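Look for chain A in each of the two complexes below; its partner is chain B in the first and chain C in the second.
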Partner chain A sequence: MTVPSGEIHSVIQDALSTQKHPTVTVLSSLLAIQDRIGYLPDEAIEETASFMRTSVNDVWGVASFYKNFRFELPATHIVEVCWGPTCSLLGATKVIQKIQSLLGISGEGDTPDRRATLRYNTCLGACAQAPVVSIDHDLKGRVDSERVAAEIHDIFNDKV
Partner chain B sequence: MTSFSEIKIRADQQWEDLNSGKVPWIRIGTAMCGLASGAREVVDAFRSEISSRGIDAIVDEVGCLGICSAEPLVDIINNGPPRVFFNNVSVEDVPRLVSGYLENNSSPGADALAYSGGDSIEGLPELGTLRSIQLQERIALRNAGHIAPGDILQYVGNGGYSGLNKALFNMDPEEVIKEITESGLRGRGGAAFPTGVKWGFLVRSPGPPKYILCNCEEGDPGAYNDKGILESDPHTLLEGLIIAGYATGATKGFVFIRHGHEGPIERTEEAIRQAYEIGLLGDQILGSKFSFDIEVSLTGDSYVAGEETALMESIEGKRSMPRSRPPFPAMSGLWGKPTNINNVKTLSYAPEIVSKGSQWFSEIGVNRSKGTAILCLSGNITYPGLYEVPMGITIRQIIDEIGGGVPNGKELKLLQTGGPLGGVLPADSMEINLDFEEMAEAGAILGSGGIIVADEDTCAVDFTRGLVAFCQYESCGKCFPCRLGMTHLLEFIERICRFEGRPDDLELMESVGKTMQAGSLCGHGQLGFNPIRSALQSFPEEFKAHLEDGLCPAGVCPSVINVPKNTRPFADDYNVKQVPIQVDIT
Partner chain C sequence: MSSKVNLTIDGVDVKADAGANILQAAIDAGLYVPYLCYYPGMKSFGACRMCVVEVEGVRGSPASCTTPVAEGMVVNTNSSDVRDLRKGVMDLLISEHPHGCLNCHRIDLCGPSDICLRHVSVTDRCVTCPKNERCELKDTVRYLEMDLDTPLTYNNRHLPQAVDDPLWEMDLNLCIVCGRCVRACDEIRGDNALTFTDRAGRSLIGTSQGTSLLESGCEFCGACIDVCPTGALVEREHKWDKAVKSVPSICPHCPVGCRMNLEVDKRDRLIRSTPDIHSQSNKGQVCFKGKFGLDFVNNKKRLRKPLVKVKGVHKETSLDEAINYTAEMLSGKTGDKFGVLASPRGTNEDNYLAQKFARVAMGTNNINVSSSLRPELFSVMGDMLGYQAGTNRIWDLESSGAILVVSSNVTEAQNVVAIPVKRAVKSGSNLVVIDQRETELTRFATIWLRPKPGSETVLIGGMIRVIIDESLDDHQMLSETCKNVDQLKNSLWNLDLIKVESITGIASSEIQSAARMLATSSTSAFLYALETLTPNARKSCVEALVNMALVTGNVGKPSTGLYPLFGGANEQGSRDVGCVPDFLPGYRSVNDFEARNSFQEIWQVDLPEKPGYSLNQLENAIRSKKITSLQIIGDSPNFTNGEIGDFINALELLDFLVVHSTFENELTRRADVVLPSATFADKEGTYTNMERRVQILNPVLGPKGDEETDWWIISQIANRMGAKGFSYTSSEEVFQEICDSVHVYKGISYDRLKNDGIQWPCLEEGDSGTPTLYEGGWGDQRPRLSPIEVLDSPDDLSGTDYPLVLAKGRVLHQDQRPAGVSLKDKRNVISRDEVVEMNSLDARNLGITEGERVEIISSSRQRLSGLVQFTGSHKGVVYTTALFGEIVTELDQSTDPDPILKLEELPLVAVRVEKTSS
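For the complex of A and B:
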């Protein structure tokens, strides 16, 4: 998903001008850019401001509010874990600890080599299959430490 | 312009053909519960298996039949009824099912869960006799798991859009509102406000433009019923939304969903596209004088975006923070125009109420709680799932009979209902009836319909800490009593979990809770103390043990605290110049 810096302007412009829903707002623009390039570089904020005829400050206000926006280059893989009450009851804490130890990080964030990002999610929407994780937007239910370890192993061996 | 009767004839014919099984019809549940258990791979396996064997069969992706514990769930009509349901199908099972059941008509055997329609199959129960199904009354979910959400004709073939057709050509808008009011339908988003009355507010507001917003933000952990409806049967929502538009004189509807939930989003977008194509949306719907548009609006990750005024801010593209009221949305809502907000579930009842009449709907349920409740059962429960039950049945019936009780021989410890801002109920609340008023009296709310079941190994204080952590994390930060109050409450309960609580902590929490209730614009702050209040009421001894004796009766605490802490604005994580708010009350 990495875009060469020379092309970033045209990619952002294209994302801004080809949004899929008729109502175009600051938020819809930011979502469209992040969908396209995986993060919001400074140019995204500035170009959204000029596209929407508003201030950079206002755009930052929106971008910094919603938890799903990121401002650094995306990692290759994204692992999301649910820590909602249902998943917690069924063992999410152990799953989270296992993922963190495998990725070598504590808390949310990227691995130092940016191979993977860990994100906490409050509900992935499949509570009946708790605990749930999502690996590269692919839901996996009823996971335990061992199964998660196998999935993470696949990521690091680029099988996924 | 094709008339509705032409569409209907085509749809009925298609539905009849599909059910005849002349061409085998395979339906596979690919709602999020299905996908999380591997349904995507099962769909692929079926497609490749039947194509490599040169079998002529239709493979449809459907929504959630509700018995999520049986996912991946596959059902097959082969050479006519009965329809046979196979549960927990894995990729390895697929060749056997195709060669055995499909090609050689062998007995479904031990792989099957149930059958429905046609002749009985020895050793297999009829689907309707399964306890999880028997107690249900499916109205909003009537098509879930039965029709392909991506095929509008399957919806029409099951009576879909007949309610809209009736409303447009046989009823005045006032009559539609009267019908909805008399049905006793109340909002299913949490507030339980009479829907007909709410629609009436919008009628009296000046327009055009006027808007109807359908709220599917559904950030509540433990609830996926709104998303379940959109994934399983998006047209039932669209039909309800168009009926609401006709009744109130609105010009446009928005379906509001959180970005990232691809299943519900894509299926709703596809349904909207098909509805336009067939003339059920856009100018002069079905040749009537009524015109209406629907658009999907996506929000970022923010729980408060599900609050009605914050939702409008989000559609306008701003931070989803609640507005002051008055003015109320019916006067000044989205872009300052008259607006009505309904939950997905509420709108999804409208087509059937218009089709079958208010009398029919009001006979289901009890007291002032009419119709059904759509529940998501999860946690320590044998059969977690998405169930629709008539109002008035007891919690015991839901937990023990539909849900199959607490597994592994454990005892029930607590129930958490209505989302994180709802209540924590003790095990002895099993005789409570599912009724808006009775639930409220017991200190819980039906709310979004999530019921989380926890067994005896759960510590009530630790469980509550998780709820408080969620509420703290999701405070939008606009009202300081909520923003700071939730942080205080989390600090209190975390130190109680570490056995470091102080004698006056309970009193202090109560005081913070009262301030939040008095000083917050929306339900998030107003109800933010609810988890602690109800847990304290239900489990006073357990709090006392943590506070005074340094003991956790369940043996959980001091637990690992592994939840993110973040009150908005959180931008201090990044290169935005914001001063983080530090709270230290110790």
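For the complex of A and C:
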């Protein structure tokens, strides 16, 4: 979600001060901010540093360690494709090609209009349903090019 | 005493402290175990696995740096299994490090100009690494006797070199991620300017979001460079130069007196300084001044020949002629119209002879040190306690339970002192800072008090009142030891908290908590520079601080005490040897008949009785023709920065001016004779640091021109004037005379100073010095309390044209105000809008609204612009805080031969604030 730049500090401070868990750490603070606004802008690192009374560099050490933290505004929808061994054997490559041609991108990443982002995943944990894609954390099993095309179509019509 | 543990390492019986690790025990026993991530003085990290050993009865190969010693343990550090394991570990390590240089079979055979016979690419050759020939990684590889079958290919990270920042360079392609730099910055310096970035195979060192060090909170102390085992972190200046020798000496930039090893190349230039890890004064640390500010000794602009003014024009002449001329001119000018200003960078020997020359040859007490702006810091301590010196060791601050810092910018002025303070805070001690300016230590403060300018003494008095009222004082100290207790108590009745609150503008609850913090801790220390106080207010403020230390019983114990923070590197020593207008060597008053008599016997002349002029009186004395000739040794920023008035222009009125100088400057331009003066790196001598530690300087560079040590020049002038007692053949001989006449130096000699310094009083040959003054009791000299003096009308800094007072601060980093680093002339510079904090009433009077851009114009016509923010600031005071990175950029780009000397301090100044018409 987009936060107007004038409000970013207050939104982050609110996220920091209303953490649910009793043990507040750098990690919990970063997670709280990402849960609230979807990513960690520069301000998140600075605010967390002064909130936790540590240095921005220490906060960055934690933030950059975890793959789950994003430092750029995420796109509206996230499409993840599993390319683990089972999914690959059952046609994940074709699915990926289809998605890429529909989204108009090559490789991983955001579409130019930031409507959707494509990520490869080494295992989505549902090999019995291979090939698997996940759209906005919603798993779809036994997909093929046509089904994926329909799902992507829904995104662009804002049905999802 | 910690208990000892017996163990066997490689068949050698070793005794180690319980709790020590095997690696430390081995190092202490003189056994070598290779290591890369471990570093003496830092916590073990266990990352590099190079120090693996075998312990009998223990499975696997534990890292010796993380395994504690145990009774009866049997350790093998060099079995073939361990050796193989280490080689395997090293193979992995260097799979990401260019290693054509590391395991080359020609490593001992190649000369610098030989062509590389190894088939490595041009960019991987050993000569392309700045640490070539002084690389710990290479030494380790050689120790491991790696086979030559290691493939020369490696995973090159292809990362760009970081070369945009001032003073240092980083090449992450050479980094082995041992983490020493990250840990040194965090554990030792408390800065956290570096961190590990990313994870697993991609992990490296860096800063938050890869920003410049200028905005990561770096203090450019170079601690990361000193611990780096590879060529990843290096100094930019003399990056490629190879040292031919390394000489230990003392830094001339501040009174901490850091001992460092100074490296010299074959062209006899000082190319690098590395702090001495065994030194008691700095424990392996230095600051930006000691690390990057010594290049002035190599400067081509250095004066190598004497200059004599003939018909208004300087002419080069021989040293002999210049000395003859000076002696001839000065012969007719003896008496109180002459004066000598010695240099704070002068050694004890230089300055002892400077005062002896003034007193014996010229018959005047007009002798001073040009850095002696705040003599009250010392003199009050002499009056109240006995010795005119700081009472405790610098590094004892690390274990102080509470610390009070008054009006001191320690990070810039006495940098290394801030390290034990920050470490104490990190381990849970309380820090109270009294300062109008935001400085690095205010960021670490438990309580930061910002009193109205000039109300510091009242604030401290109020704190003492709280301590007495709540009965938190040291009853025994007050009832049995101190004199004048009633006088102090009576003066406190004036200072009820409501009154203190209204004078200082600080809430009484804050004053109470600060006072309780300092009084209830078993060890409290007091640091003060009083940079923001007017000269009239300083005396009473030091008195108040000494009172507080005595009342809370914090004198005469380790980790307590008073630390006056003055400016000059050897200001303490200069005062010890008598470079003071009212004291003979050893703090014996010039008014004291007996003292004069004893020196008259040694020196065989009649000594003048009238005290000389203080530094602050000097300009007026010159203007009123009470001083007509001067001898000035060394440059000082105080001549031109207005601290002692318009001194530099007053010099035009003199009949005769002799200047000893290293460079031509404003001062030499006005001089009739300029004598080329040797720098700290050219001479032998001693400095006494702020903890009374006498340390020895060694000549690092060889002679190049006619420049000479100041003591030699002075003795020659005196000899040619026919004065008695100036024939010395070496600085050691001068030091002998100092030890004979200054009783606290009696047991010190050059021989005893070879290994490390000695803290005076050192009364006899076998005396190991005195880390803590007054620890052995007070004897007849009981400490004297002093009533709190509240000035009726404190000096008002502001005037009609400049009605406000500006308190400009400087910090390493501000979390929420990025530095806005941008590239200018291929170098990073800070370019951000400053914030000007103002009282809303002041602003309203000027028609200024919040967020508006204003310009601050000071009485010395300096300008500064920023955006206004209304805060709870006192009426009449405006605040602004700059980033430390600014002065580093300035130093880096300065064309001045000795820019450290000209560093701008942060006094309070009178200003007016104007709206910027846009």
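By our rule, the second predicted complex is superposed on the first by the 160 of 160 C-alpha atoms of A that agree within 3 Å, B and C clash if a C-alpha of one lies under 4 Å from a C-alpha of the other, contacts with A are read in each partner's own complex, and residues count from 1 in each chain.
Rule of thumb we're sticking to: contacts are C-beta pairs under 8 Å (C-beta built on N, C-alpha and C of every residue); 3 or more make two chains touch, one makes a residue touch a chain.
Since this is a predicted model, take the numbers as computed values, not measurements.
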{"item": "First (chain B), second (chain C), both or neither touched by A:Val56", "value": "second"}
{"item": "Which superposed partner A:His21 touches (first chain B, second chain C, both, neither)", "value": "first"}
{"item": "Contacts of A:Ser64 with chain B and chain C, given as first, second, both or neither", "value": "both"}
{"item": "First, second, both or neither for A:Leu118, with chain B first and chain C second", "value": "neither"}
{"item": "Chain B versus chain C as contact partner of A:Val95, first or second or both or neither", "value": "neither"}
{"item": "Between chain B and chain C, more extensive residue contact with chain A", "value": "B"}
{"item": "Touched partner set for A:Leu103, first chain B, second chain C, both or neither", "value": "neither"}
{"item": "Chain B/chain C common contact set on chain A", "value": "60-61, 64-67, 71"}
{"item": "Parts of chain C lying in touch with chain A, wherever the complex brings them together", "value": "186, 191-199, 207-209, 216-217, 813, 815-816, 818"}
{"item": "Parts of chain A lying in touch with chain C, wherever the complex brings them together", "value": "9, 42, 45-47, 49-50, 54-61, 64-67, 71"}
{"item": "Touching residues on chain B, where the partner in the complex is chain A", "value": "32-33, 35-37, 40, 68-69, 71, 218-224, 227, 254, 259-262, 269, 295-303, 314-320, 376-380, 384-386, 416, 420, 450, 452, 454, 458, 463, 466-467, 470, 473-474, 476, 559-560, 562-564, 566, 568-571, 574-576, 578"}
{"item": "In the complex, chain A residues that touch chain B", "value": "20-23, 25-31, 52, 60-62, 64-69, 71, 82-90, 93, 96-97, 107-108, 120, 122-130, 132, 137-142"}
